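Next come two complexes, and both contain subunit A; in the first it sits with subunit B, in the second with subunit C.
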Partner chain A sequence: MPVDTLSTRLTGLRGFYRAGYQSVLAYRADLLFGIVGLVIQATLTVVVWRVLFTGHDQVAGIGSATAVAYAVLAACLQAVVMPWQFSSLPLRVMRGQIGVDMIRPRSLISQNLAQAGGTMVGRLPLGAAGLVTGLALGAVKAPHSVLDLLVSVVSMALGVANILTINLLVSMTAFWTLEIGGIMILYRFGSAFLSGALIPLWFMPEWLQPIISWLPFQAQIYAPLSIWFGTRHGADLVGTLALQLAWVMVLFLLLQLVWRRAVHRVVVLGG
Partner chain B sequence: MIIEVADLTKDFSRPDVRPGRFAGTRSLFTRARKVTRAVDGISFQIDDGELIGFLGPNGAGKSTTIKMLTGILVPTSGTVTVAGQVPWRDRRRNARTIGAVFGQRTQLWYDLPLRNSFEIIRDLYSMDPATYRTRLGEFTELLDLDEFIDTPVRSLSLGQRMRGDLVAAMLYAPRILYLDEPTVGLDVVAKGKIREFVAEINAGRGTTVILTTHDMDDVERLCRRVVIIDHGKILYEGDVGMLKAQYVTSRDVVVHCTDFDATTISSPFAQVVSADTFKATLRFDPEVTAAPKVVHDLTSRYPITDLSLLEPDLEDVIRQLYTERTPVPARGTGA
Partner chain C sequence: MAEQVKTLSPIREDLRASRILLRAGWRAAMSYRISFLSAILGGMVLQGTQLLFIGVLLAKFNVIDGWRLNDIAFLFGMRLAAHAFYVVPFGALLSIDQAIQQGDVDRYLLRPAGTYLQVITRYAPLMALGDALLGFGAVAVFAPQASVDWTPGKVVFLIAALVGGGLVETGMQTFLAGLSFRMTSTMSLRILADDTITRFSGYPLTMFSRWGFLSLTFIFPMAFIAYLPATVLLGRTDDLPIPAWLAYLSPAGGPVVFAIGLVFFNRMIRSYTSPGS
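This part shows the complex of A and B:
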């Protein structure tokens, strides 16, 4: 009987991670359509934002080129990390599959996070297709320096951790209400708007900006992209990363707490 | 003792909605809850290496008990120890000790080929590659997985999927295997394969098996001891043979003849329960007259072409037990 060491833990999670990306690759046609869809979306995004900026050099201090590039990158990121579709948890709770998950030698949280991580990696080709389209149309520009690139990649990783955790947290309401369609719609709309995936936070009304900037959602897409475009320096940059990290830690703790409550509520449905 | 259950109780509570006007709307606000007791203070023990049948009608509390034994549900009160651990308290360690097949649900990955599911399980239980290959090879042969191991689970037939699930539960060689209705909905051949496999892993590998089923053939072929529960309480715990002996107070003998009218048949040791020209069924009490005596009496006096003694039917016994719903004192090898 293997002892629970770091290596057995990682091997166990590798299994779920593989399950995640293999499940995406199992539906090749779907992936292919997704790629085509993103090429179209990236193209339209570039065209529409360029039209919007006609006659304006800058809006809210942001130049046309930056705004267009932001929109394309946000669309790519959103396609890869698609925060509201990852967790199969609500469906598994509803179908009673959750019982099977609970007799695995890894915690339900790590199973879900590892599998969602795998799904995300499986969807990387979508983001790549959007990025290539953006580059081909001359709409996406690289960060000012290699350092900016590296820091924004770190920030993206924190953003992804944030998305996966919040997503699982929202999914866990299924233990209380079973049908979480309504909550998911609210979450989907809220996160798309508040994360800056639809509209960069630069363009939000001034009274709303300070509120949004403290919420966990802005850490998902707006924070890494604002670093990419070099709009953050010094203390602001460090503060952004620190806030992202703090949110990940808080959300992860919250996840543990919610799961501890949920476990007592498990009623495996249907015999 | 590998499993010890003492005074195990599980209550479920749900909002108590009284029917009537605006029942749906009221259900959103009601704080009243209705408590149902699914398992009501049961105790039993299971020995290492046993193959035990866990029976009961629908809604008896079988699955709830199994879910507490596997650590999925937290009991309301009472204790359970499985291989020295409290299953719901140390869920992860318990997971390495047990395997489970729930007939109605699968642990396989729906979108992926069966082989990928096995590889995920290999990773999950940190199996070394050589052991994995050997064991998968053995199981593939035992259950004829070859023809569908590379097919996505969603395309498998129920029988194939169930065989896949059994392998998934046994790959990492758990000490205990829970089987919750593993043969439900399967054809005779698939049932046979699964029973063969279960018998093999119990006798050949010493795995303790807890089998929940409604199929009395499963029980007769596999289990020596059964625990029968209903309304959350134990009705019977003990030997299958003893259960039959207690309930079956009469046995039937069927005779066939061509040279005389079977309706004229009679015996001092048995009563005719039905008869037509070519066939008669007689019933006798085995406690009073031994079967060979009845057979000898009939064959010596009549030119009989064929004769068969009917085995007591477990299905009838269980039906009677479920209908009467009174606990039977354990006899035989039960704990």
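This part shows the complex of A and C:
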């Protein structure tokens, strides 16, 4: 009788992870255009921010170099961690394949998380292309200290955990309604805006900043990048990480709850 | 009946076919109320984020490349409304890859209507209504605030520019869709074009330097969508590194780009090989 150890569990999930990144790499042309796209968009983004800053030394305490570097890094990070197709779950629910998924010996949640993680790894070349473009344009800034670098990497990992969990949570809407196109777009663009992927919180209106800073989305992109650029110190830094960790735990708990309710709703068409 | 159809001219025949196909598509799409509303909301959010983006930035920075918020908002509004003229009638073009992969094009080739016509009437792009609502709303709100002395002539020019801008986008997407007959998937290429237009065609394009501007005018003709006609309305044609008459003629760019796209699309159909046996 097979023993259910951590290593056998991981072996089972490795297949999903591999399926995730292969789904990106299998379509060479798509990947290529994605890379070309990021090069073009990183270039145009740099121009937009540089032009915005002409005539300003600092806006909201932030200088041009930091703002430009933020825009480039956020675009790279967004390209990797926020894919347009972030989950195959809704499609699998619609086609009834979810029935097969549910009788697999690994939980549906871990199957999906492993696959989504694989997709992100497969999309790393996109981020790299954007980064190289940014470097070539002299638009990327390294962190002030090794500590800032290390902490921001930890913060990025928490951000990725946050995105993976929320994405799956949103995808689970598919158990309640098949018409999720509008909801998905609302979520995609809402989270892109609230996460700081488009505009850092520094430049948001004053009344909006406190609201956004407590929402889970800012923990995805803004939190790690604000650490990268050394705008957080001491208690603020620790508080940022603690809030990120708390959100991951809350979201994961929520995911378990939603999943438990969803299980009872599954009716696979066609028996 | 068959004889009667035969006597119609090809154009009238196509118009009749498109009327029938469009009615069927929209009726199918409208029959689900919730999805109807959520799709419209989705369309508004998709484009609304761009307005939000530029609004938040200009609230902090006041000016971009010499353009104030009111004129930038008008430029963005023009681009949104022009986009509606592409996406409402032609939005189904997005599904060209599926039409080919699922073998639908086999059927289209057999039917007595143009392939292109049948591709764009595959389904009714509901989300486009959200785009249209937001786009026309934005023009209605921002046009009076822009630094333009509105005369009847300028209003006519604006309308021509919006329709023309929609046709420019349609032409570019039609051209790229034509590549689908040769390549397995052109989705990412077409999304890239769409995304670049969405994000950047609402800026004063001369800010991307001379060469950037020229390539966005003559290679990837995004400038014709909103920026060139906007310089005419705002009296800013002096900013352009090209003759002003070209900006005055910019609404005519729509039919030209569309014709090029359509000719290319129809030529590429010849290299179509059915995915089935």
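A few comments on the model shown:
Here, the second predicted complex is superposed on the first by the 266 of 271 C-alpha atoms of A that agree within 3 Å, B and C clash if a C-alpha of one lies under 4 Å from a C-alpha of the other, contacts with A are read in each partner's own complex, and residues count from 1 in each chain.
The working rule: a contact is a pair of C-beta atoms (placed from the backbone, for glycine too) under 8 Å apart; a residue touches a chain by one contact, two chains touch by 3 or more.
Keep in mind it's a predicted model, so treat the numbers as computed, not measured.
Because the two structures share subunit A, they can be overlaid on it, and in that overlay subunit B and subunit C fit beside each other without clashing.
With both structures placed on the common chain, the touch criterion links A:G37 to subunit C but leaves subunit B unconnected.
By the touch criterion stated above, A:R95 is placed in contact with subunit B alone, subunit C being left untouched.
When the two structures are aligned on the shared chain, A:G12 is found in touch with subunit B, with no touch to subunit C. Touch criterion met: A:Y27 reaches subunit B and subunit C at once.
By the touch criterion stated above, A:P105 is placed in contact with subunit B alone, subunit C being left untouched. Annotation: superposed on chain A, subunit B and subunit C show a minimal Cα-Cα gap of 6 Å. Residue overlap on subunit A between the subunit B contacts of one complex and the subunit C contacts of the other covers 27.
Subunit B meets subunit A in the complex at residues 12, 58, 63, 67, 70-74, 91-98, 100, 102, 104-107, 109, 111-112, 116, 119-126, 152. Against subunit A, the residues of subunit C that register as touching in their complex are 32, 34-35, 37-43, 45-46, 48-49, 52-53, 56-57, 59-61, 63-65, 127, 183-189, 191-192, 195-196, 199-200, 203, 207-209, 212. Contacts from subunit A toward subunit C in the complex involve residues 27, 29-31, 33-34, 36-37, 40-41, 44, 47-48, 51-56, 59-60, 84, 177, 179-186, 189-190, 192-193, 198-199, 203-205. Residues 1-2, 4, 7-8, 11-12, 14-16, 18-19, 22-23, 26-27, 95-97, 99-100, 102-107, 263-264, 266-268, 270-271 of subunit A touch subunit B in their complex.
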